[in-house]
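Shared chain: subunit A. Partners: subunit B in the first complex, subunit C in the second.
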Partner chain A sequence: MSQESSLTAPHKMAYTYKRSLGPVLSRFATALRDRKILGARRADGTVMVPPKEYDPDTAAAIEELVEVGPAGVVKSWAWVGEPRAAQPLARPFAYALVQLDGADTPMVQVVDAGSEEAMKTGMRVTARWSDEATGMITDLSFVPVDGEA
Partner chain B sequence: MRDVAVVGFTQSESVRRERDRNEVEILIPVIHELKTRAGITSEDLDFVCSGSSDYLAGAAFAFVSGLDAVGAWPPLCESHVEMDGAWALYEAWVKIQMGYADLALVYGFGKPSMGDLPLTMALQLDPYTTMPLWPDAVSIAALQARLCLEGGVLSERDMAEAAARDRRNALDNPNAQVAGDFRAEQILSEPYLVSPLRKHDCAPISDGASAVLLAAGDRAKEMCERPAWIRGIEHICEPQELGVRDLTRSRSTEIAAEKAGVGAGKVDVAELSAPFSHQEILVERALGLGSDTEVNPSGGALAGNPIMAVGLSRIGEAADRITKGSANRAVAHATSGPCLQQNLVCVLEG
Partner chain C sequence: MSEQESDANEPVEMLRMPVELDYTYSAGTSASRFLRAFAEGKLLGQRCPVDGKVYIPTRGSCPQHGVPIDGEPVEVADKGTLVTYSIVRVPSENIPLELPYVAIQVVLDGADTAMHHVLSECELEDVHMGMRLQAKWKPREEWETSVGNILYFIPIDEPDAPYDSYKEHI
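Let's look at the complex of A and B:
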């Protein structure tokens, strides 16, 4: 078959299952709906955000969740100059490792800073919630704290 | 422990887009050539193990079609890992160690050109807290690169030099996708793709396949004049969450290298599968390689990156140099997951 006459067909990939979030992530998601961010208190006292059901070092079950943020510090960032259609913003933005106040680990999140020049490691950012919070991680993104960008 | 060796290796070219061949059609000539060179048929195989990802094809059990390249008859003792073929090789090595096989075929294949690979790779992140933000693989790697740069672990020049070295080495590799007489200065003058990464810091997106024959003891000696004996093989995994890891070193590579015995002798050749230039430097350091080791004579993953086969190809390339007599001791590395989450290290000797 010549290349010109190759047949092509669209194929949509999707995750077609539903499952419950379990004891830890259910509380995390419910808190998002209330515009709050929860982290997991580990046995050594540190707080991990986002929370996991088990401590990655000791495998101990996580029981205590504590509220963190809503502001935090950018630990690293990557500037997305040409966002893909699936990504959260249609305009250029940064993916960043944001360490929230009260947390000991950073989380991957979106920072809507307007331009790459406005991004800097160590800058403070604060949570911005979608108009209607649904309990999804996409309810949340971050913007620079005024005057500190 | 049984003595187990790599006694054969074949691979396809790495190409950006296989337009007319599906995964099985890419695989068939690779496996056919391997069997022909070794003078064996499918009936001689005690075990077959493959590595591929259904996410690339976007269909459950897509890997089963790969078996058409081995043949539907006679019945096979067969397994598959949703991982790079290097981990399929590990499973076959265990099978041989347990005495269930003397001769095993391992293959890996991937056709990422069917989708948007950097976006598909977001599916390996936490499905509830990270993946819905669709952080593409280049952005995730860029977060790690900036941590390394701003932490003083490495420089943009170090990254450009690693990329240039690999692409220059690849001039001698007819299967490479990106090869040329690159210089660090030239790479550093290019714009960022996703800052702080430039296009040349990233491995290409490649369609391709590779295959390896493993044999035990006397069987290996019968089949190959100079088998590449596996003297150590280990893989270690770090947590999934990026925030709880030290992303400025590859701790799992360090542990795997120690358990595989990399430091027990001089390493003539190392083949590394890191898909980003800063990751290649982290892996090189984690393996403890010195200036007397030739790194990535094939060009490594930065010159050709047939996902799900690229790690297996590193083992094959390293073994090839032993079989041909240009190296006595070689190290091969494969990786999986975001930011070098999981790493496999294999020590081969002549």
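Let's look at the complex of A and C:
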């Protein structure tokens, strides 16, 4: 290296955040560990997934959580052809908006469909859990339901 | 990937969500020259052509006057005056120093800007502005293109610098 060239060095910036979940998301995370997906029942009777602590329209505190899924419908999706290191899967996959059975809002999650050709808006998918669920959203991903369009 | 820590029977109440940004830092021409000199035990600054102040490290331009600094570098001493400090009692994952330690701003002799470093081999109650310090270097065979070649600064037996000589750095 010549004397005029610039020196370089690896530089990793890391924030070791630890976040308190609060009462509602704590129940959601604990349910994930038990391989269940919970949504929040709002005052108008609709169910939002994932739950929030307050009703977005009325700001009323959320009290009731109900189990939804484990299957649902892909409302929209984007194919990730070249996953990056920090993404949930090392092979190509889709990020999709999945509206679970019993839910009125879709949630973003991975659909491990194998190929872009296998993805279709309106397709049915179902939950697949990691071998060791720990209460993280990454415990959950979705796979196509065989034979259902 | 994030990790979770909880007992299987307890509710999940906390979530670890580390954020990591992986960069390749490029020092640029000026800082590279400074670091290469550092590997030889020399501390290089550069003189602003407008007011003659010596900036350390070398930086290629004067931040105050916005003009290029293209003159030859100026070597400054490895001793100087402590202008301000903070006693650190809170640990940080990326700083391997034993607590408490003293974070300092030191103006090296021949320089007009302060440099951030650490003071050691000094009782906490003896730390004060104006005290004279000397760099403690790593063993020569361990020098590399890094400011880490200076382990820390230590007090030296010299009278304190007069307040007027460093007041602009406070």
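We adopt the following convention: the second predicted complex is superposed on the first by the 141 of 149 C-alpha atoms of A that agree within 3 Å, B and C clash if a C-alpha of one lies under 4 Å from a C-alpha of the other, contacts with A are read in each partner's own complex, and residues count from 1 in each chain.
The rule is short, and it goes like this: contacts are C-beta pairs under 8 Å (C-beta built on N, C-alpha and C of every residue); 3 or more make two chains touch, one makes a residue touch a chain.
Note that the structure is predicted; figures quoted are calculated from it, not measured.
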{"item": "Partners on subunit A (subunit B, subunit C) - clash or fit", "value": "fit"}
{"item": "Which of subunit B and subunit C A:E116 touches, first, second, both or neither", "value": "first"}
{"item": "Per-residue touch tally on subunit A - higher for subunit B or for subunit C", "value": "B"}
{"item": "Which superposed partner A:R33 touches (first subunit B, second subunit C, both, neither)", "value": "second"}
{"item": "First (subunit B), second (subunit C), both or neither touched by A:A86", "value": "both"}
{"item": "Touched partner set for A:T138, first subunit B, second subunit C, both or neither", "value": "both"}
{"item": "First, second, both or neither for A:L7, with subunit B first and subunit C second", "value": "second"}
{"item": "A:S130 touches, of subunit B and subunit C: first, second, both or neither?", "value": "neither"}
{"item": "First, second, both or neither for A:Y17, with subunit B first and subunit C second", "value": "second"}
{"item": "After fitting on chain A: smallest Cα gap, subunit B-subunit C, Å", "value": "5"}
{"item": "Footprint overlap on subunit A, where subunit B in one structure and subunit C in the other make contact", "value": "3, 6, 11-13, 15, 21, 29, 86, 88, 136, 138"}
{"item": "Subunit C-facing residues of subunit A, complex", "value": "3-21, 26-27, 29-30, 32-33, 86, 88, 134-136, 138"}
{"item": "Subunit A contact footprint on subunit C (complex, rising order)", "value": "1-4, 6, 8, 11-29, 31-33, 35-36, 93-94, 145"}
{"item": "Subunit A residues touching subunit B - in the complex, by the definition given at the top", "value": "1, 3, 6, 11-13, 15, 21, 25, 28-29, 48-50, 52, 56-57, 75-81, 84, 86-88, 95-97, 99, 105-110, 116, 121, 136-138"}
{"item": "Subunit A-touching residues of subunit B, taken from the complex the two chains share", "value": "19-20, 55, 58-59, 114-116, 119, 125-130, 132-136, 138-140, 142-144, 146-147, 150, 192, 194-197, 239, 241-244"}
